[in-house]
Amino acid sequence: MWTIRRFEEGVEELFSYDLLHGTMHLSIGQEAVAEGVCGALADGDMITSTHRGHGHALAHGADPELMFAELLMKDTGYCRGRGGSMHIADVKNGNLGANGIVAGSMTIASGAALTQVMRATGKIVACFFGDGAANEGSFHEAINLAAVWDLPVLFVCENNQYGMSMSQDRSTAGGSVAGRATAYGIPGVEVDGNDVREVHDATADLAERARNGAGPAILEAVTYRYRGHSQSDRDLYRTQEEIEEWRSSKDPLARYEGWLKESATLSDEAIESAREQAQDAIRLAVQGALTAPDANIGDLEGAAYA
Amino acid sequence: MPEHTTYAEAVNAALRLLLSEDDRVFLAGEDIGVYGGAFGVTDGLVGEFGEDRVRDTPISEDAIAGLAVGAAMTGMRPVVEIQFSDFVVNAMDAIVNQAAKLHFMYGGQVEVPMVIRAPGGGGTGAAAQHSQSLEAWFAHVPGLKVVMPATVQDAHDLLLASVLDPNPVIHLEHKLLYKTEGPFEPRAKIADTPARIGEAAILREGSDLTIAAYSIMAIRALEAAETVSDFGIEAEVIDMRTVKPLDMATVRSSVKRTGRLLVAHEAPAPVGVGAEIVAGVVESDALDYLLAPVRRVCGVDVPMPYARDLERNAIPQTENVVEAARELMKS
Amino acid sequence: MWTIRRFEEGVEELFSYDLLHGTMHLSIGQEAVAEGVCGALADGDMITSTHRGHGHALAHGADPELMFAELLMKDTGYCRGRGGSMHIADVKNGNLGANGIVAGSMTIASGAALTQVMRATGKIVACFFGDGAANEGSFHEAINLAAVWDLPVLFVCENNQYGMSMSQDRSTAGGSVAGRATAYGIPGVEVDGNDVREVHDATADLAERARNGAGPAILEAVTYRYRGHSQSDRDLYRTQEEIEEWRSSKDPLARYEGWLKESATLSDEAIESAREQAQDAIRLAVQGALTAPDANIGDLEGAAYA
Amino acid sequence: MPEHTTYAEAVNAALRLLLSEDDRVFLAGEDIGVYGGAFGVTDGLVGEFGEDRVRDTPISEDAIAGLAVGAAMTGMRPVVEIQFSDFVVNAMDAIVNQAAKLHFMYGGQVEVPMVIRAPGGGGTGAAAQHSQSLEAWFAHVPGLKVVMPATVQDAHDLLLASVLDPNPVIHLEHKLLYKTEGPFEPRAKIADTPARIGEAAILREGSDLTIAAYSIMAIRALEAAETVSDFGIEAEVIDMRTVKPLDMATVRSSVKRTGRLLVAHEAPAPVGVGAEIVAGVVESDALDYLLAPVRRVCGVDVPMPYARDLERNAIPQTENVVEAARELMKS
């Protein structure tokens, strides 16, 4: 999780130096969802991601240097500088890609899951989406299809309680994404998205189920976004108090470290060095990416086609 | 398989060949199983290949296209059907923002080899929401290829070529062509298809004017050419066959020989494929060979009416092509 | 209900004489849904309809002669011969129109309901849709929007158990459309769609609720289609026994007549004459429509625009 | 209101006028309330007119467009926003099969006076799924009108004209234009707008070639015209302003004076609006006045790349217009 947080902070820093293009959607505060879900997946399992996908990519094995390279418009970036922050894919590692379209990857996830069934691979697909995405028609069609065909896909709602400026209670009838699972006759489980262990265990159960042919499920992980929706957000739709409360008392990293200590799983020193490792890894990744060759501008004609 | 068959049968035979030769191929769509598809095109396939390979879907066009994207990215060769091309409106994100873009957007990490089959066009009395010709939209989207067979043989050969293509291909069939008959040579293997996406066919040679058309209008153009020939007008008829990419080289060289261009399609003229064909000619040196203003024979710019006579008037008919060709020769 | 059935039989007859164009979707067997719902609406309430909309139009006050005129491609038809069977609208009477797009009228219904709120008209909108339509993204978006905004719209699922050839259990996860209401925190009520009185009473309750600002609801009326989906249907996806069973033991007209007799509401003679009245009305409507002037072919240019 | 303001402010002022003068007008869209819209265009309006008139919606584009259709049919004048024009893919049924068709399909029983506002275009680094220019799709659909203002004043005046129109109008704004400044005269009443849908504007007169463009490319064309003028080339620059209907009369008469035509838009060339403009010229007697093949300066036929230099290369820039104009004069 420290890697994700340091990565996002690195992005903020590069952005402030005006080294990036476009906008960025940061997942600071939501690290436990990406970490908990991807940590519970098996080798070869796949994920589909969102516009807020840095954490998903890292948790699923992406190389931070190649991610920074993408954001820095380098030819060595995951998408050769063609995709940018909203579109990082790492197909080799099973990340089928971040998607700039809200709910845009949900039907794709069902299709990728269909391949696993037809090929009997025993693999599953974890589909990340936001609370706001639950009101798109694609959410409905993707889940209904996966449910009638018992496809091995786990729909993970990363519920940070806002879709841009819209709070979930203003946008989402019924008030619960996990609750919508009953409409499709599939399990819907809500967990504390800032408790990485709870996310991990719930994912393991539902992934196992899907792997065994019992079909899809919805996992709703309640969490919070510390930063604005994107770089241009003025945060007019929520209070500073609300943000402060989550940062101070519910931070997923602090909570996990607290547990590591209490349970004597790791010593303070071990934790400290883990933090430093993340810090160093990110520093090196940025340095490596900064010195990489720029994206190749000479090859656009015809590049739309394979 | 007979020497002579229908357009629908030719598509059916191509699907059968694809399913039997390539186990990455599967079909999905609304009522394509036991029902055989709204136009009977998939008749018998579910019996032969089973429900795993021939999948009836819920009425969820977005999911149909989206599942094809996800399956194609992960190694399959989905051939999905949108029951009427009018319903692609519900699948535009999966087609335009996903299928068309992922290969480039992800820096070449994935290919999206999928085919969407959809019947288009009017003349069936199904009115405004079941009669559109929407090829112009797809031809405008980088990353998509658009195929529109006019003949029985092409309906077979171009579908095979579409599945061989590593890119998303929109394969638009015309409802009124399904029952048309023509000479037919089924291919023994998928790779035997001689059709190449992006290659037009000259259906008839002529020296007086060039008629560029596709799908059912290529057939009507051919009929019109025979008619005007009785008036001493010899029209060269080009069937574009694929509208993205367009084989402009064939059209330009023809125009250089004839000096006159008539373009015909069923979709309304404004920002249609015909406009692109015209532009592709006059931005080349073929412009200098034009002896008269170009003509477009297209659908009336109105939603498709229900009443038989209104519908007929809204759709370009053979006689409209005849008339336009004769006027074009006068100017 | 007799009017609807006789109308549909009239359509079949005209079709067999090749006097119609295109195809037709008949509602024979489903009359109680249209009749029960529209009968429970108040003056000025609106409906949106489907490709199988003849019954809805008649139940909401349409003139059968103008409907036949539309099917017969006459200038006097509701849509001047431009719409045909799938697109009959009767806006004067509050029928905002049949729709050839499955689920195509659902978001429109929410929009029309929004007008009632913003104009404080006290009117509601009844939105007819089929069981198959419940798997379209529009279903989800329309109902979620209506629910978060408490719009006065009643979503009426005319569940004839098949979407073309797809039985509900093959297409619809969860197995119940009314059951999906919980996903949106709104009431979902399932009724016997062949019992016109049950449909009427349930509609009255939910309409009242919506009228009072309590928001939308889903009413699922279970019924059955005797005829094929359209004129080209070979009925390969269901058994003749199944069709026979519904016709013989569950026919909505027979059941209603049975009740009229048992409850001594109407005498046999009165029932008989009601039937004959329907018969005569339809005969006259056909005659009138047949002699009307044909649709005007001279005015297509520019007709797309108001 | 200042004498000089930004394009975004001019749209905002039009919305304010519409909301205050016509109680049938309401706004709906994603984050248009307290957030002020993704580009700040609706800033302050919810505070002034309340949540009943300025409605934040769930992330449901199909519902946004569909509710507009239903509200418009029943007497309201909805002005809804699609946050990025790329997301209209999710609203195509409501726009194309419903809004565009109902007036005709229902035999004139209803009118659908709705406006969909959407920011389009690239140059912001948002890449393939947030940078498209999709006007060609809508210009191809009978029943829709498509408006694309280039200037600050037009952004105000054409939006007012769009709401006055009894038909569905797609009002496409360019993201990079929002911050541009220009002279501005706010209208006191909606009906005071002098703008007419279907009327082009000649931004600059010239005798050597005609440049037909719209939206941001009209601005770039104007810059290019000033530059080539230093080389002794006088370009006439036409801002089409609305792409459906197209004011071809203005383009044709200009071409008859200049003898050369250059068309520019940001969308890729294939089956774009530029092709229609070209076709509209060469199917008229203006063909005879053409001294050289026409030129199109359009976006590269590829999804929009992220990297700054790639993105810049994918989008037609002022220098591309300059270059094309100079080459056109040589041929």
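The chains carry the letters A, B, C and D, assigned in the order they are written, with residues numbered from 1 in each.
Just so we're on the same page, a contact is a pair of C-beta atoms (placed from the backbone, for glycine too) under 8 Å apart; a residue touches a chain by one contact, two chains touch by 3 or more.
The structure displayed is predicted, hence computed values, not measured ones.
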So which chains are sitting against subunit C and subunit D at once? A, B
Relative to subunit C, the most remote chain by C-alpha centroid is chain A
Dist(centroid_CA(subunit B), centroid_CA(subunit C)) in Å evaluates to 36
Distance between subunit B and subunit D based on Cα centroids, please, to the nearest Å. 30
Please tell me the distance, in whole Å, between the geometric centres of subunit A and subunit C computed from their C-alpha atoms. 44
So subunit C residues touching two or more other chains come to 79, 81-83, 87, 99-101, 104, 135-138, 141, 144, 148, 170-172, 303-304
The positions of subunit B in contact with two or more other chains are 57-58, 60, 62, 86, 89-90, 93, 97, 100, 104-105, 127-129, 142-143, 301-303, 305
So in the complex, the part of subunit C that touches subunit D is made up of which residues? 46, 48, 77-83, 87, 89-92, 96-97, 99-101, 104, 106-116, 118-119, 137-138, 141-142, 144-145, 148-149, 303-306
Can you tell me which positions in subunit B touch subunit D when the two form their complex? 86, 89-90, 92-93, 96-97, 100-101, 104-105, 127-129, 136-137, 139-140, 142-143, 243-244, 246, 267-276, 278-279, 282-285, 287, 290, 292-296, 301-303, 305
In the complex of these two chains, what residues of subunit A are touching subunit C? 135-141, 143-144, 147-148, 170-175, 179-180, 182-186
Contacts from subunit A onto subunit D in the complex sit at residues 20-23, 70, 73, 79, 81-87, 99-104, 132-133, 135-138, 163-166, 170-172, 232-234, 236-237, 294-295, 297, 300-304
So in the complex, the part of subunit D that touches subunit C is made up of which residues? 26, 52, 55, 57-58, 60, 62-63, 65-76, 78, 90, 93-94, 97-98, 100, 102-113, 142-143, 145, 166-167
